[in-house]
Each structure stands twice: as structure tokens, then as C-alpha cells.
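My structure is below; once you've seen it, I'll send some questions.
Chain IDs A, B and C follow the sequence of writing; residue 1 opens each chain.
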Amino acid sequence: METNDRRNFLKKAAIAGASVAAMPVVSACANSTQRGGSGHPLKTDESIASTLIVPKKAGLQISGTFLDEISHDIPHQNWGEKEWDLDFRYMKSIGIDTVIMIRSGYRKFITYPSGYLLEKGCYMPSVDLVDMYLRLAAKYDMKFYFGLYDSGKYWDTGDLSYEIEHNKYVIDEVWKKYGEKYKSFAGWYISGEISRKTKGVINAFYSMGKQCKDVSNGLPTFISPWIDGKKAVMAAGGQLSKADSVSVQEHEKEWGEIFDGIKGAVDACAFQDGHIDYDELDAFFEVNKKLADKYGLQCWTNAETFDRDMPIRFLPIKFDKLRMKLEAAKRAGYDKAITFEFSHFMSPQSAYLQAGYLYDRYKEYFEIK
Amino acid sequence: METNDRRNFLKKAAIAGASVAAMPVVSACANSTQRGGSGHPLKTDESIASTLIVPKKAGLQISGTFLDEISHDIPHQNWGEKEWDLDFRYMKSIGIDTVIMIRSGYRKFITYPSGYLLEKGCYMPSVDLVDMYLRLAAKYDMKFYFGLYDSGKYWDTGDLSYEIEHNKYVIDEVWKKYGEKYKSFAGWYISGEISRKTKGVINAFYSMGKQCKDVSNGLPTFISPWIDGKKAVMAAGGQLSKADSVSVQEHEKEWGEIFDGIKGAVDACAFQDGHIDYDELDAFFEVNKKLADKYGLQCWTNAETFDRDMPIRFLPIKFDKLRMKLEAAKRAGYDKAITFEFSHFMSPQSAYLQAGYLYDRYKEYFEIK
Amino acid sequence: METNDRRNFLKKAAIAGASVAAMPVVSACANSTQRGGSGHPLKTDESIASTLIVPKKAGLQISGTFLDEISHDIPHQNWGEKEWDLDFRYMKSIGIDTVIMIRSGYRKFITYPSGYLLEKGCYMPSVDLVDMYLRLAAKYDMKFYFGLYDSGKYWDTGDLSYEIEHNKYVIDEVWKKYGEKYKSFAGWYISGEISRKTKGVINAFYSMGKQCKDVSNGLPTFISPWIDGKKAVMAAGGQLSKADSVSVQEHEKEWGEIFDGIKGAVDACAFQDGHIDYDELDAFFEVNKKLADKYGLQCWTNAETFDRDMPIRFLPIKFDKLRMKLEAAKRAGYDKAITFEFSHFMSPQSAYLQAGYLYDRYKEYFEIK
């Protein structure tokens, strides 16, 4: 209890003299919660605890997170290396051992000085994010997964062959540049986001996954598709949901065919959990697990920590929604939970202050000290 | 003056010795305004005051706030009980004596472990918000109003009969579970948001209000409808305003009929003040007051503290807009001002830092120390 | 290293006694980055620096900023004078010497108690922003530009004659009220935002610019139009880009005619840099500079510090995007860079915490201590 600690400190200080000045200062800031506006004298009473009326630790704990390289729809936080360093420690302290860079580039914005992609007209980044993430992963003994390049052509045309072509070069380049250098390079994320079985998806996933594994002595690969549920709508549009969503049966049929085609080249599938409703979770998760088992894939969940139900797209999710999704994943026997993503939506450092409180609620629920 | 105070403190500390460490630390944090980014050494000069060129205290002071239970369109802050406890103190310190839980549930998300609603398929909440709010209201000597359940069916179908049916059970259950236990249970909010006279609205408001009063020995009830003005548009849509808004005359006619039908079962009406333009306030407020007087209702204003005019929906309102609305309410002789809502849009603790500054501007204008 | 420093401090404190309490406290807050949520004990390691892989200082440094008077599409921060005072110091510390109030009013919201505009039905502001900004500019030895009034009629009708008519009175009034009093009154911003040559634009810009100069003994004037590029879409709408954007050739032709018609009355043109894509910057900037030189205008850039590519409109821009725009401006030989705008999108005080980190990245790149 914070209050008691401080009281004890003050007692000791009275005895010990001057040598203890810095200690209580930090906690004074920590619990002052004085943010917007100036000079508000009130403080939280650290003796107060929340009373949970649900069983604790009934969900699957998150052990991985995407790192958003920020070129798509999540506003940039403009962190420097010291903020990233701190964030890796925040991740680590709640049990995250895996970080996944969501993509190495999107259209012309790229995350490392790729000779190949710069040649193609991409923009030079001011920081080599891949190198930085690999160093931080090594420093904190975490696994780094590299997300492939996304040229945007698939989004524009529905044709995945451009992505295969570009990534032929990117995979080789990246493995030579970083894979052979950093032990923390632990796997590959095949970043093409896909919802249904469409033309070329099986071939694309298979050939990209195969190349990743071949070049890297069999490092694991995974995909993170979305379920074509009712919340599968554009972030920038005016809609929160749509009428024509996929049924569990169609989902099972289409993904059965995909899994059958990609097995051997893809080791895990982490469906995004935010496009379906909370009372649909069990039905879809059960099918996902059944399919994964049948075709020998690991079954992960991509537990979204942002809220798809709000007009501001996107801010951190309500804790109970995250809890229900993690509980469904545990009930379905999933192998691992990762999230999109920690640094904006769960980090005490996030520009969205709701994220730090989500972190608190999460720790409370999982009894993480 | 902060700067001088600190300088004086240092002088005194040099003389007095070590026992004073914690005090100035808090103010050092308070006025450092070091938020985004690291290590900015500049600080506000606390000797500077704003110069107001309008008369102070010419508005009706806010004495009540909704508590948003977060299931609709306001992103969750993920606070635990200690943050709620602090927020009640912030409310109290600017004169708020009434808290109104906006609804006890919306569709499948509910605020307390309702046997009836869980049976219907609603999700179990991790915290009993009703119990927590009632405890905090008791602790700080505030009045708690309970907002009825909203199944969402009215929004989907235009038919209010579902809401009457569900709330028959909810009202009884809640009164037994909390009303008889907590003195702070002080009234009911009939949460159906309505803008015009539509099929069944009079019957619904009357029967729900009547049941609330009957079960609770006549505790007060109120409604908070919206005026069908030009800003009455969907939060998630791309529009900020619409062409076909209600005229003052239509508004008066329709609401005269509604008030006539609900009198006796509803004690106060708090129209939302954000759907009309600032130069329409007087005309609508005058009619609202006239109607309330005629039918024996109290006339409250629901002063929205979020801004409807911005592309981000929603962030805290510009102080001058709030001021104009509260001044119009005072000119019209309104009985009470409540707001939607303090914790996101006016609290120094809010994730939206503009809220804390709105709190400062509000205190400055109402000369609250 | 912060940690060591503090440890050393504690050692020294034990030796030296009590008189040093306040110093390390401020840094404890500064680098604690404990924002969302309570009591997170981790801190940034201040010994870590980012590694930039691009040449530093290759961009044009920002030396001016708009001040948004908040009546249009940027949510209000509700700052009092002491926060504005601090913000001017933050601006100054990165080399900003010019502040431009973007408009003196928009529709019924105005920034100073204008006899003329109040008469026309505008709302009385609670603070005289013009007076405050002029005082702060004087205090910090900065230049203040006054932005003309925008009645909104041009946006509704496409006809600029209303703006000319209103501003006839506003320009005279403002010069008498403030221009003759404050040395910091250093110029005029002709606030009508225009993208293409449309009916009346040349006449409007010319006559308003001429009047500004005539009344003020020739103080400089400038405009800040937008390029009708693919991101020229409504902030509140669902679209991020459009198909029918202007070509460089059309842009050159239309703006050649406009510059020819306004020369002598307008001293500088600061095209907004956010409506075109990053690989179009050089082509448009080259034409802008050529036109400005030909017609004797100064060529400024309005470097937008908010991100037009995100579904939340608007949050601070990714640093690399800002960098690319400032580098393009330097390559094109532009005369000055101003930004829209510092206080929301670059200030360590901003409600958007990403802004403070943008400030850090900006200082790092320009090697500002």
C-alpha cells in the first residue's frame, strides 16, 4: 500500500535525516494524476482497491505484441529509442516475450534502409527500426518476428502476386542484413491481411512462408487474418458495422481450404478477434482451433486492444471486452495470445491515457505485481 | 507565486534541515506541464492570470453529472475504484451534488450483475458499477440517480415497448438489491433518449416513471431528451449537421403533448443543449421553461461538455460554448444544470487533457477556489 | 544515466545535508513518463539516444506558426494565459519568431470584442485573444500577424465579396485598436483559404491585401492557399483522398494568373504542404518557387504538423513526414517555413502527447539544445 509506504518512509526519514529525498518524490508524481490543467491538488487514495466480481486469471495471458511501424491507420507517437526501450520493459513486466513488427513497409514508407525498396522509389526512413527492435529484443531476451513488406497493390487490385514478387527480394535482404547478425531474429510474420479465400491467397501465403523458412533454417512463420464479421469495415469510413458478414460454416469451409494449402509453410494462425461480436467468440474460436489442429498449425489469437465500437478510430478497448476475448481464447484451448498492439493501446507511456489504465486493469485481473 | 514559493522553500530548507522533503515536490509536478515528450525544462508562471472581458458567474452552475457506463459511443477510460473515488472528489469540489448513471446497461453490456439481464444473455461485468457508485455517492454525500436499461431495440425498431418490458424487472431488482440498502439512492433516470413525439413515447415514459416512483416511495424521476436540431446527427457518420431540423413551434407543440402525458410520473426534464445553435438557445430554452412550468415539471438543462462541432467525436468543448449555454439556462430561469459528462470532458483526470483545462476555465469563471 | 545520477545524488545528499531537495525532483517527473494509469515505477533511461541514419539539418527550419483561434475543426485546448505564455516560450526555444492568428473570427465566433462584428450578431468572447497574443509576442520579441475575419459565406456560396465587405471594417477597427498600440503587430494574414483560381479570388486577395498595407504603413501581408491535390477532402467526411486532383501544369497556370493579379498587395505565399503526396513535393515546390520569384512574392511553406493520412482527424504528424516536407522546401530554396500549428501538434504542452515527442524528434534532427 502506497500510503503506508510513504508514512513509513516519512517516519524513517525523520530518524535517518536527509539522505532519502528522492524516493517519495517519484510516488508523489505517480499517484498525483494531475494531467490536464494546472495545479490540481487532489490525489488518488492508494489504499483503495477495485472489487472484481468475476474470477481472476480465467483468460489466456498475452505473451506477444505487434509493433506498429506506423504507415497505415494508427497515428504515430514519435518516440525515440529511449521511449522504445522503456516500452519493451513495460511489455516484459506483464509477460510479453514476443514482438512482431507488423510490416517492414507499406507502400512508400519503409522501416529499414532497404536497397531494394529504396531503388523502387520508397522513402528513406530516419531510423532503422528493424535494427533498433532487434537490439531491444536481444537486450530484454525477447523474440522478434519480422513482418513482410506490403506494397499496397493487393489492397488496390485484389492481386497478391505483387507482394510475392517484392518479398522475394526483401526476405533475402533482411535475412542477410539482420537475421545472421541478431539472435533475437526469431521468426516471420506474413503480413498480407486476408479475410476470405480469394484468388491467389493460398499460393501467396505458401510461397512467402516457404521462402522465409528456407532462408532462415526453418524459423517459424505465422499469419494474422481477419474474420469477415460484421465489424469488418473501413477505419476511415462512416460505418461501424455491415450487414453481410460471414457465417461460421462459410468461415470453416474457406479457412479449411486455406490451411490445407499453406500447411508446412505457415506454423501458426492468429485470427484478429475484433470483427465479430462478443457472443460469437466461442463459435468462431472453436472452429479456428479445430481447423488449426486438423492441419497442424498452432492456434493463436490476435487480441485487439483497441475498440472497434467507438466513433473515434481507434482508442484503447474497455477492459471487459478484452477480458471476454481472452477468456474465450482460453476456453477454446488456444496456444498463444498476441495483441495489436501494446504501445498505443496498453502502454503506460501511450499518448492515449486510457491505455495505462487498461494496463492497470489487466495486471489486476491477472494478478501481476 | 510558485517560483517564489519554491525559492523560499529552498531558503527555508537550508535553514530548517531535512524534514520537509515531500511538500514542494507535488507542486513541482503540478505546474511542470511536462507531458508529451521527455525532459522539457520549462514551466508555467503561476503568477499569470487570464483576463476575462465578460461578467463572471452569469451562468447557471453545474450541480449534477452523468456517469457514463461506457457501452455506447464514448471510449472507456478503464479506471479502477481509486480513480473513481478521486473523480467524485473533483466533482464535489466544483459543486456537483448529483451523479446520474446514464444507463444500467446497453444491449448486452450491463453495469451490475443483474439476474434478469444475465438470464437474457447479457455479459457479466467484472465490477458492480452500481454498487461502487452508490458507495462513493454515500461517502461524499451525493445523490445517485439510477438510469434504466436500454436494450437497443428502440434504436433498431422505433418501438419502445421492449424497454418497458425489460425495465419492469430491472426496476424491481435494482430497488431490492440497492435501493433499500443505500441512502444515496436518490432517484431514477428514464434513459430512453427521444427527440420528438413518436409512437408510444408518452406511454413508455409514463409507465416507467410511474413504476420507479411506486417502488421507491416516490423518489424523483427525470428524462433527458434531445431537441431535434440541426446537429442531431449520428456520431459515427460523416456529417456534422443536417438541413431538416425542428422549428421552435413544432418543438413546443410536440413536447407540450408529451409533458401533458407524463406529468405526475416524471419530475424533471433536462433537454440536451447541444443539438441547436448558440443563437437558438434562448428561443428553445424559453419554450422549455414555459412548458415545464405549465405541466409542473422541473426544468433542467443537460449542458453537454463535449464539442459537437469537431471532426473528432468527441473531445471536450471550448469553454466559451459551455459558458453561453449555461448563461442561456440562467436567463431562462432553469432549475438545475447537469452535464454529460464530467469524467471524460471536465475532469483533471480525464484521458483528454483539454478536460482539465476546461475545469480550470470553469473554476475561474465561477470563482471557485 | 538518470539512475546513476540519482544514486550519486543520494550519496551526495547524505554527505551534504538537506538543501538540495528540489533539483532532482523535477527530473524525476520529467523522465518518469508515468501518464496513463497509476504508479508505474519504470522510467526512461536518459542515457539512450536515437541513431539517425539520415543527414541532420537538411530541412528548412520552422520559424513561424499559426495560432488557431479554434472555431473550425481543431478541438479547443481551453488554455488560460499562463499556458499560452509557456507555449510562446516553447516556440521561441526552437527558433519560432513569428506567430500568425489564423483568423480573427469564423462565422459567429470571434477573437476580440469587435464593435462591428458584435453588431452583426457575433458572440462576445470571454478573452481578448488578439490583445493577449500581441502582449505575449511583445514580451518574447516575436512578430504577430493578424488573420482576417471569415464569415463563412465563401464556403457556403463560393462568393468572396462578403469577406471583402466585412474586412473593410475589421481591418480599420483592428489597426486602430491594436496596430497603433503594439509594436509586435507586424503583418497581416489574408485568411481566405483558396485552392484554385475561382471567381473573384484575385480581386478579393488584392483589395484586402491593399487595404491592410495602406492602413498600416505597408506592413507585410501573406496568403496560405492549398494545392488542390488528392488529399484535398473534407475533415468531417469519410474519405482520405480523392481521384480528381490538380496537375502541376494546371496548378502553375492558375497560380501564375493569381500571383500576377495580387502582386504588390500580397508579399508572400505559403502553400499548405499537406494535400499532395510526398513524392509530388519537389514538382509542386519547384513551380511554386518559380512563380513566386517571377511575380516578386516571397515563397514560404506552410508545413502542416498534423497527419492527413489517419482516420482520426487530426493528430500530430509522423516526424519523417514533416522532415521530408521541410527537406523539399529547402531543396526548392523556399524563404521561410511556418506551420499549422505548434500548440496542438508540436508543443510539449499539447493535449496530444504525440506532439511533445514530435518536438523532441524535431530538436534532435535540427540539433537544437
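Methods note: contacts are C-beta pairs under 8 Å (C-beta built on N, C-alpha and C of every residue); 3 or more make two chains touch, one makes a residue touch a chain.
A quick note: this is a predicted structure, and the numbers were derived from the prediction, not measured.
J.: Same or different: at the chain A/chain C interface, is the fraction of residue numbers used by both copies above or below half?
T.: Under half of the interface numbering overlaps between copies: different.
J.: Between chain A and chain B, two copies of one chain sequence, what rotation angle (nearest 5 degrees) aligns their Cα atoms?
T.: Copies differ by a rotation of 120 degrees.
J.: Would you mind pulling out the distance in Å between where the CA atoms of chain A average out and where those of chain C do?
T.: Spacing between the chain centres: roughly 34 Å.
J.: Which residues belonging to chain C are in contact with no fewer than two other chains?
T.: Residue numbers touching two or more other chains: 17-18, 21, 25, 29, 33, 35-36, 38, 44, 46, 82-83, 238, 312, 351-354, 357-358, 360.
J.: Which bits of chain C are touching chain B when the two form their complex?
T.: 17-19, 21-22, 25-27, 29-31, 33, 35-36, 38, 44, 46, 70, 73-83, 85-86, 89-90, 93, 108-109, 113, 121, 123-128, 132, 234-238, 312-314, 347-360
J.: State the interface residues of chain C toward chain A in the complex, per the touch definition above.
T.: Contact set of chain C toward chain A: 6, 9-10, 13-14, 16-18, 20-21, 24-25, 28-29, 32-46, 48-54, 82-83, 238-240, 278-279, 307, 310-312, 315-320, 323-324, 351-354, 357-358, 360-361, 364-365.
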